[in-house]
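See the structures that follow.
Paired with chain B in one complex and with chain C in the other, chain A is shared by the two complexes that follow.
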Partner chain A sequence: MTDVIIVPDGQLVRNLEVNAGQKTDMVLLIMPGVSCDVRLDVRLTGEGAEANIYGAYICGGNEKVNIAVDMHHDVPYCNSRQLFKGIAGGASKVDFYGKIIVAKDAQRTEAYQENHNILLSDEAKVDTKPQLEIYADDVKCSHGATIGRLNEEEQFYMRSRGISLEDAKVLQMISFIAPVLENIQDETQRDAASSEFESQIRNIIRNI
Partner chain B sequence: MSKEILDNITDKEYEHGFVTDVEQEFIPKGLNEDIIRLISAKKDEPEWMLEFRLEAFRRWQKMPMPKWAHLDIPEIDFQDIIYYAAPKKAEDRPKEIDPELEKTFDKLGIPLHERAALAGVAVDAVFDSVSVTTTFRSALAEKGIIFCSFSEAVKEHPNLIRKYLASVVPVGDNFYSALNSAVFSDGSFVYIPKGVRCPMELSSYFRINAAGTGQFERTLIVADEGSYVSYMEGCTAPMRDENQLHAAVVEIIVEKDAEVKYSTVQNWYPGDAEGKGGIFNFVTKRGICKGSGSHLSWTQVETGSAITWKYPSTILKGDNSSSEFYSVAVTNNFQQADTGTKMIHIGRNTKSRIVSKGISAGRSQNSYRGLVKMLPGAENARNFSQCDSLLIGDKCGAHTFPYIENANKTAVVEHEATTSKISEDQLFYCNQRGIGPEEAVGLIVNGYAREVLSKLPMEFAVEAQKLLQVSLEGSVG
Partner chain C sequence: MANDILLKIEGLRASVEDKEILKGVDLTIRKGEIHAVMGPNGAGKSTLSAVLAGKPQFTVTAGTIEFLGQDLLAMSPEERAWAGVFLSFQYPVEIPGVTITNFMKTAVNAHRTGKGLEPLKAGDFLKFMREKMAFVQMKPEFAKREVNVGFSGGEKKRNEIFQMAMLDPTLAILDETDSGLDVDALRIVANGVNALHTPEKAAIVITHYQRLLDYIVPDVVHVLKDGKIVKTAGRELVAEIEEKGYDNL
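Presenting the complex of A and B:
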């Protein structure tokens, strides 16, 4: 079952250990107005362990969002996946740090990490530090990070089909966040999260 | 199976490990203000240059050695280094080059005679602490191009040196740049005047020969408005059990619409298979795209050195300026490398591209470390970075540490990194088609690094491909 955490103001520290054959799924949701310092330390300690960590954040004001994830692959045959997507508007400041550490002899590891950000305003700032530290050779590891803006060609496409600029932006942002929310298994929870995100996105767009 | 194959591409020794038997002049070991005054006096420098050195030394004394890199650096005793060593005939040049020195550079494939030179390459040859000769100077001077040793430039073009020295890498920028500013010995100075396209490749070749010494090269390249130059740098050193320090500073100024292409093939002695000896290569290289539309491109092939600490960087200040960084870093045995780049976007519509390919084998550690920073004024700036690592063997490490900072909503930054190994499947595929095991590994590695190698000037590309193969010898599967 996915562990859905609505991150509160302040510090959130989680140390997870995933044993042989076990699987951990976690979705972190950070709503506008929340300034937080999230520290996750995930350790895959038994063969066949799997960890999937997802996160979405939306900031529209003066929030300071700090996310730090350490993913330790201590033994062979473990998989991990991380996907963090966020939107930074207003005068918010987002700091993302994520490290995949593959220990010596942790062969056949598959570890992936992605962090994508959209900047909405000139006062907002995003720093991202995805890192790989790999001491075994038979592994598949990758990370990707982007910081960008809403695509204007997409907006033009929608507007030429009668969708207002405001609605076009909302659609773009919803579809940007969706890949994170999709991982919430429970349907009621997922729908609740989606509609909450949608109304927050509309709020932010209105305030630009 | 792949273990044997990798074992088998083995045991060719470091080719450039010989020592030249030439009478040399040394100054005493150690570092203090008197030594700096002595170096300055040896080079017959003006007062302002000495002041610059002393100021740098005073700042260096207050600085700690940087520890943030993913490197295990043994304690360096800076008092146990000879900061100046020169072949004795120095005072006779440029009329006559010691035949021994000429032989040395010949052996290294660097022709010091213009008639014998590779067509279209002018060379500045630096042996320990002094520049031995600079070829094609008069031909270049006809076009107004200045290409000479740094020491000569201090005397002959003091205005240019005073204007540009330390304008990109300030004296107190970091520990090693401060040390270099205090004790630097020689290097190259290049000035390309307005609108001139340099007709030949310029090249500097650095050779460490004397034991117990350090080499502190200082290079300054200025490309004035609308000019173009391609500059190449190569380096080798003898095989010794001691570690020798090479701490260089390279500064590049690119004015409006000018273009500089800077290529390095770094082949310092990497130490033996047990990790004994080798060069510590702690280098600060930085360029500034000062004017609008300027362009700076870095290409590096890093195969040597026991420890590499090097981040060729670009400050993109002019609007519409652009920069590229292409790198192949190979580490084997006990080598360590922490290398990458910094792209600082200040101007509007600035673009940068980073392609880094790391290859680690043996028990080596190979890290990419890079910064991409979009400042608030960098409207529509764009960056793309790709950092791939290839692991050969299960005792080495490959690491990626990018830092991405964006403070402009119209700026777009993309970064991706992958880590993988040469798979049995790939080897099998090649074998099946009649390609021998050694060739197959060479083929795969060269293919992997191709995007970078193709950016090298022709003279370097051939050498670099061979180097890649040699460097991976003895890599344990």
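Presenting the complex of A and C:
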């Protein structure tokens, strides 16, 4: 089962160890108004271990969101995937730091990390630092980070079909966050998260 | 008869990034008419369609546009769509993560809300959508595809006409709908446009070439050159342009 964590204000520290043949799935949800400092340390310690960490954040005010993930591949044949997506509006500040550390013996590692962001205002700031530290030579690893704005060509296309500017932005942001939320396996939980995100997104757009 | 007039453009000037593209366009379209706007590249054809649809990057510096008696320039792009204006894009935009179903449901229900109607029930909407997809020979699985993402040129244009069929506009503006189409796709698209046309509606067909006008036959043909309409005549003008080119008009 996916571990869904609604991140509260303040510090959240999790140290996870994933043993041989085991799998950990985690989805972190950071809602508007929450300022937090998330520190995850994931250690894959047995062959065939798998860790999938997903996160979505939405900030519309003065939030400060720090996310730091260390993903340790200590042994061969382990997989990890990280996907963090977020929207920063108002005067919020997001810091993302993510590191994949592949030990010398951890051959046949597959490790991926992505962090994508949308800025809604000139005052909002996003700082993203993806890092790879690889000591093995037979691995598949990649990382990517982007910071962008809502695409105005898409907005005009939607508006020309009668979709209001507000609804167009909501559609854009929901489709941006969806790849994170769709990893929540339990349907009830997933639908609840989607509708909560949708109403929070709508609030933020109305207050721009 | 004045009340036959659907669209009246007078003295329209428009710029993008301080460069004037339209330099005084006059155009009157009556109900039931199909107008072709032809012209060389860079004449301002696409600018005219973008200004009619209300694209924010274009600034109208002079002139008026009246659509069914309303001041079109005072309306947002979505208000124009609700009033019955539809633009088929030359380059339809890809919207990753948004399915055609979700996109069209939002659009159709926005139109219905604008008219004071209840949103369509999910089942009724899907039935309606399937009908219109069949109308332009789009496979049902496209309903689940992301809007225009990975579509071929022909699929994108058929998707435009599908959306037009869903929204049933009073004024359809087809911007270079023929570009990138093979002859079969061209026929499907043209048949779709013709089938949707009624004596209450009008269409503006913007094109560089004669090809599309063999299938969608215009009542009036305009030549747009350097931001102005330099010639207006009946459909016989199409053959004249094909023969002489734009330079000798």
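Operating definition for what follows: the second predicted complex is superposed on the first by the 208 of 208 C-alpha atoms of A that agree within 3 Å, B and C clash if a C-alpha of one lies under 4 Å from a C-alpha of the other, contacts with A are read in each partner's own complex, and residues count from 1 in each chain.
Please note the rule applied: a contact is a pair of C-beta atoms (placed from the backbone, for glycine too) under 8 Å apart; a residue touches a chain by one contact, two chains touch by 3 or more.
Since this is a predicted model, take the numbers as computed values, not measurements.
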item	value
Fit or clash between chain C and chain B when superposed on chain A	fit
Touching partner for A:V18 - first (chain B), second (chain C), both, neither	neither
First, second, both or neither for A:V65, with chain B first and chain C second	neither
Chain B versus chain C as contact partner of A:A178, first or second or both or neither	second
Touched partner set for A:V42, first chain B, second chain C, both or neither	neither
Which superposed partner A:V27 touches (first chain B, second chain C, both, neither)	neither
Contacts of A:I205 with chain B and chain C, given as first, second, both or neither	neither
Between chain B and chain C, more extensive residue contact with chain A	B
Touched partner set for A:G144, first chain B, second chain C, both or neither	first
For chain A as apex, the angle formed with chain B and chain C - C-alpha centres, to the nearest 10 degrees	90
Shortest CA-CA distance between chain B and chain C [superposed frame, angstrom]	14
Contacting residues of chain A [partner chain B, same complex]	104-105, 107, 117, 119-122, 124-149
Residue ranges of chain C touching chain A (in the complex, touch as defined)	53-57, 76-78, 80-82, 86-87, 89, 92-98, 102-104, 106-107, 110-111, 114, 163, 167
Touch list for chain B against partner chain A, complex	70, 374, 376, 389, 391-421
Parts of chain A lying in touch with chain C, wherever the complex brings them together	152-154, 156-165, 167, 171-172, 174-176, 178-179
